[in-house]
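Okay, so here's the structure we're looking at.
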Amino acid sequence: MKDVHATSPRHGRLSLRQVGVTGIKKPLHVRRAGRVITLSASFRVVVDLPSTRKGSDLSRNAELLAEVVDRTAHRPVASLEEACSTIARELLVRHPSASESRVVASADYFLPRGIDPSRESLEDFRLFAEARASRGAAGRVSVARSIGAEAVGMTACPCAMETCREQLAKEFPDLARRELDRLPMISHNQRNRTRLTMDLPEGADVEADRLIEAIEGAQSSPTFAILKRGDEAKVVIAAHRNPKFVEDVLRDLLASLPKLFPKLPDTTGLRAETTSEESIHKYDVVAEHRTTLGELRKNAGA
Amino acid sequence: MKDVHATSPRHGRLSLRQVGVTGIKKPLHVRRAGRVITLSASFRVVVDLPSTRKGSDLSRNAELLAEVVDRTAHRPVASLEEACSTIARELLVRHPSASESRVVASADYFLPRGIDPSRESLEDFRLFAEARASRGAAGRVSVARSIGAEAVGMTACPCAMETCREQLAKEFPDLARRELDRLPMISHNQRNRTRLTMDLPEGADVEADRLIEAIEGAQSSPTFAILKRGDEAKVVIAAHRNPKFVEDVLRDLLASLPKLFPKLPDTTGLRAETTSEESIHKYDVVAEHRTTLGELRKNAGA
Amino acid sequence: MKDVHATSPRHGRLSLRQVGVTGIKKPLHVRRAGRVITLSASFRVVVDLPSTRKGSDLSRNAELLAEVVDRTAHRPVASLEEACSTIARELLVRHPSASESRVVASADYFLPRGIDPSRESLEDFRLFAEARASRGAAGRVSVARSIGAEAVGMTACPCAMETCREQLAKEFPDLARRELDRLPMISHNQRNRTRLTMDLPEGADVEADRLIEAIEGAQSSPTFAILKRGDEAKVVIAAHRNPKFVEDVLRDLLASLPKLFPKLPDTTGLRAETTSEESIHKYDVVAEHRTTLGELRKNAGA
Amino acid sequence: MKDVHATSPRHGRLSLRQVGVTGIKKPLHVRRAGRVITLSASFRVVVDLPSTRKGSDLSRNAELLAEVVDRTAHRPVASLEEACSTIARELLVRHPSASESRVVASADYFLPRGIDPSRESLEDFRLFAEARASRGAAGRVSVARSIGAEAVGMTACPCAMETCREQLAKEFPDLARRELDRLPMISHNQRNRTRLTMDLPEGADVEADRLIEAIEGAQSSPTFAILKRGDEAKVVIAAHRNPKFVEDVLRDLLASLPKLFPKLPDTTGLRAETTSEESIHKYDVVAEHRTTLGELRKNAGA
């Protein structure tokens, strides 16, 4: 059979950075704390294409993905990023003309949460993983991995809180300002969606659950699926005693990482982004930052 | 040329309710208060198919849509629903074997809003329209139309407000309950998205702006794009003095309609649905209802 | 604690059809052919609200959902629709003032597929389920269920095929028309997405896998994740030998059901909808129909 | 009034790269070939935040956006990227503590298209624009802009075409291979979605319509809203005589740019990405590349 992909392309000198498949959904079986969980994951699997080849053999990507992911039904993997890493490495074996491969995956993820143990239930988060394999000198392959997680929580605005207090102080001049200062003050509060991604140096490992806990710790309050009447008050009061801008969420999240991940190297790359779906606006408010764990340690130490 | 669509289908007795095209986007020019505005609208255009024909002539749908919508660049129409109505009626001319046609459209829509005139800007809403033409006895065609609109506003929860008050009364026994009752109390508040749709009897007409105003009047507070510091407090205080469940939003909206639309007939059909993107949960809370203006008038009169 | 939900609403006579929660995601464990699979499912859980109550006790919905779904980790259920059914029934117990409940769910679903056994892998489909419980005379509760599935396949257009043949016959007058008629002719082909939903009478049961097979049987060809070079030709040739309009897909699907489901009662409700993401247009082509198995049997028998 | 945003943050040394608002929709009026068109655009407007400030004054972003965009109703701008550029520059005036601003926008866009003049209608494309303003030495502000466009067209697979030919040659040994080689051969074809983005050096300008034409020229065939029966054959035959992998679309697009944009400088940055929504798979196939016009000129000249 004629191998059309291997023929020379019309524009001889143009290599391409990424060619592959995307939107392939698969159930991935992962070991977690003595159990096996199933992620309904979506994958993007690409390699570069040298200028000498017309096409990339894409059926190899789908085939490899099936081999690695489908077999986890019998032999679960340690994590989403391990699956990505295995696929990225093997892609370079099956695409001998490629020098770099990239696998990106995301999935819904469930963890038990509750305002107290009697209210516990499984709540949904998102997992992200990425692996990039590069063929270096003497054919040695190195793999860079990143792991990310997203959690939805709540923010209460510290600024509207102040201006409400001032407004109400004017409206109720007989109320001692002292009273107004003691009570948690009304503000706008809303869903906050925060994502943290870590670029892990070789050998370093981190569990997604730790990223999610770090995010939840940086929002005004985590949110919960089951809240009986009294519980709602607890969450609302807690959030209003811990008001945060998106800027605060991002800074508090980043500033918490040196203590939470003491063993990760300074070179660990970090990306954090947070979105508050403002209740007083029709649009969202966002903050984003990129840094390294080393930078954050310098800041913290100073 | 052989007309494949007109040949007999394999399964001779099976007529189909709806066959057509969907996801066609077009700029539609509409007259509004002395100006012409442009809607970036998306259309679904279908007719039924009798059991005697293999296929529906879909190129006629795309052609008709282009004729009616593209010419509005020179001759704007009165409204999105008028465009739907014209297309629905003409579809039955161009599909002589069809007995019913249906055109559904939606578009972003902008209206000036502001907490005061100096803060006014264009904010975004959604418009919906639908027209169904039916071929009746003696070939007479009747057209049923519906018009809908969606607005995002804010709700503050009345229940969390009560339980926060109780909780804080316990925590601060020295604060007279009277003080706590006077102050607007903290609660969870969030984006609320409400849609109202009216099935209009022949001859009846209603402007989308009126539906949007009705929705905004039923939420705890409208929201605004531009809020300087003091403005935020006004919105937050107003919303907390007007706390609403989704149930309240829906009932208040429906109950307001008899007064707002005194001239519309009793047979006017109504659908209302509201979603609060709860700040204390990761999921949404919804309410939905269908009724008629006549029913609402009976309730109001009682 | 004051029960705000139980107080009287402002607009005393307005009951609401549906009040509840939506967008709750949960892992649901389901028994399938000797194994347990995990669905990452999304739920909508609502009840009606009588005119005498201000609010519905929504925390009961989230609590019940957690109870029923989270426990499947230890005791898997038979199906998504069984889970919906259990929740719908129990909702009426926990909402004594409600007379109707409704649970809607959807999930990604994976089945092994391959053009031959050596190419088999897990491919993705969608599952849908709905259960409606109604409190009838003497408090007897009845539950109506529906089950749906969606599969992506391929259609090749029968009309463009004819006109291409005519065009090429003119261009190559020396080619005997007989030659042109023997060869599968070029056409536009594209992704087709078809959904079939069955409203099941009490006692009747159907497996989602059967719905998916029925859909795949009605498209020009199923599609596959893994296709090595020769396999692609097989799929392409098969699809071009079985060209279909969306109208054909829908009719062939519906016409196949009496034979595939001989034991289901005549009252079984059916909804089918199909969308071809046309390769020669920027928009989609759709067909939809609703009928009953009884109607289809009458047609088939005639 | 207390200025909460201006207070010192808890974590004193942490500046943030991007803080702002996103998802603000606005109608933007743009001059185009003697007419004014209205884009329904969505904006993201952010600035950096120094370590010394707790919060960014986000109301300034919304206010500025309204000023610049709403006034285009009376004074239309030249382009989406001009609007972004104006906003980015003015952001640095209104946020004196920021050193970089970034405005990202996207909108549906309509151009007349038709297989011949009698079939012409408005078809939908997408526009993208971005502007980044930086405060340099001596307070001089420089603005980098990028402009992008996306067009949907059609690809027919060159590989399946070859294997179908081989398969059919085996099946019909009496058909001279010469016959099979002359006829356009069946293959899988599908929607292709391609986006081209240019990072423009200061002073350089390019019209979005040119990007869209470049994309359409690189696909197997453009697609059309209105195709009467004979027209479909023309598009299908043209696409099958011009079969392309995603790799070919991307290379042909990139290779065409030096000739299409002879006046743009070598430093013009380019990003191109293309997705084919494969008709024989449930997943998409993608290719991506980044380069400069200078690089492409070197390749072309060689």
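Letters are used for the chains, namely A, B, C and D, taken in the order the chains are written, and counting of residues starts over at 1 for each.
Please note the rule applied: a residue touches a chain if its C-beta (ideal position, glycine included) is under 8 Å from a C-beta of that chain, and two chains touch if they have at least 3 such contacts.
Computed from a predicted structure; not experimentally measured.
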- In contact with subunit A and with subunit C at once: which chains are those? Just list them. B, D
- Message: Taking each chain's centre as the mean of its C-alpha atoms, which one ends up farthest from the centre of subunit C?
- Response: D
- Item | Intercentroid distance (Cα basis), subunit D paired with subunit B, Å | 31
- Task: With chain centres taken as the means of their Cα atoms, state the distance from subunit A to subunit D in Å.
- Result: 26
- Query: What whole-number Å value describes the gap between the mean CA coordinates of subunit C and subunit D?
  - Reply: 35
- Message: If a residue has to touch 2 or more other chains to count, which residues of subunit B qualify?
- Response: 1, 24, 62, 124, 159, 163, 166, 225, 227, 229-230, 281-283
- Could you please specify the touching residues of subunit A with respect to subunit D in the complex? 1-2, 4-5, 9-11, 13-14, 16-24, 44, 46, 49, 54-56, 58, 62, 158-159, 162-163, 166, 245-248, 250-252, 254-255, 275, 281-290, 296, 299, 302
- Task: Would you pull the subunit C residues touching subunit D in the complex into a rising list?
- Result: 123-124, 152, 154, 157, 159-160, 163-164, 166-168, 172, 175, 179-180, 182-191, 221, 223-225, 227, 229-230, 232-237, 239-240, 277-283
- Per the touch rule above, subunit C residues touching subunit A in the complex are 1, 3, 24-27, 37-40, 59, 62-63, 66, 69-70, 107-108, 110, 121-122, 124, 225-230
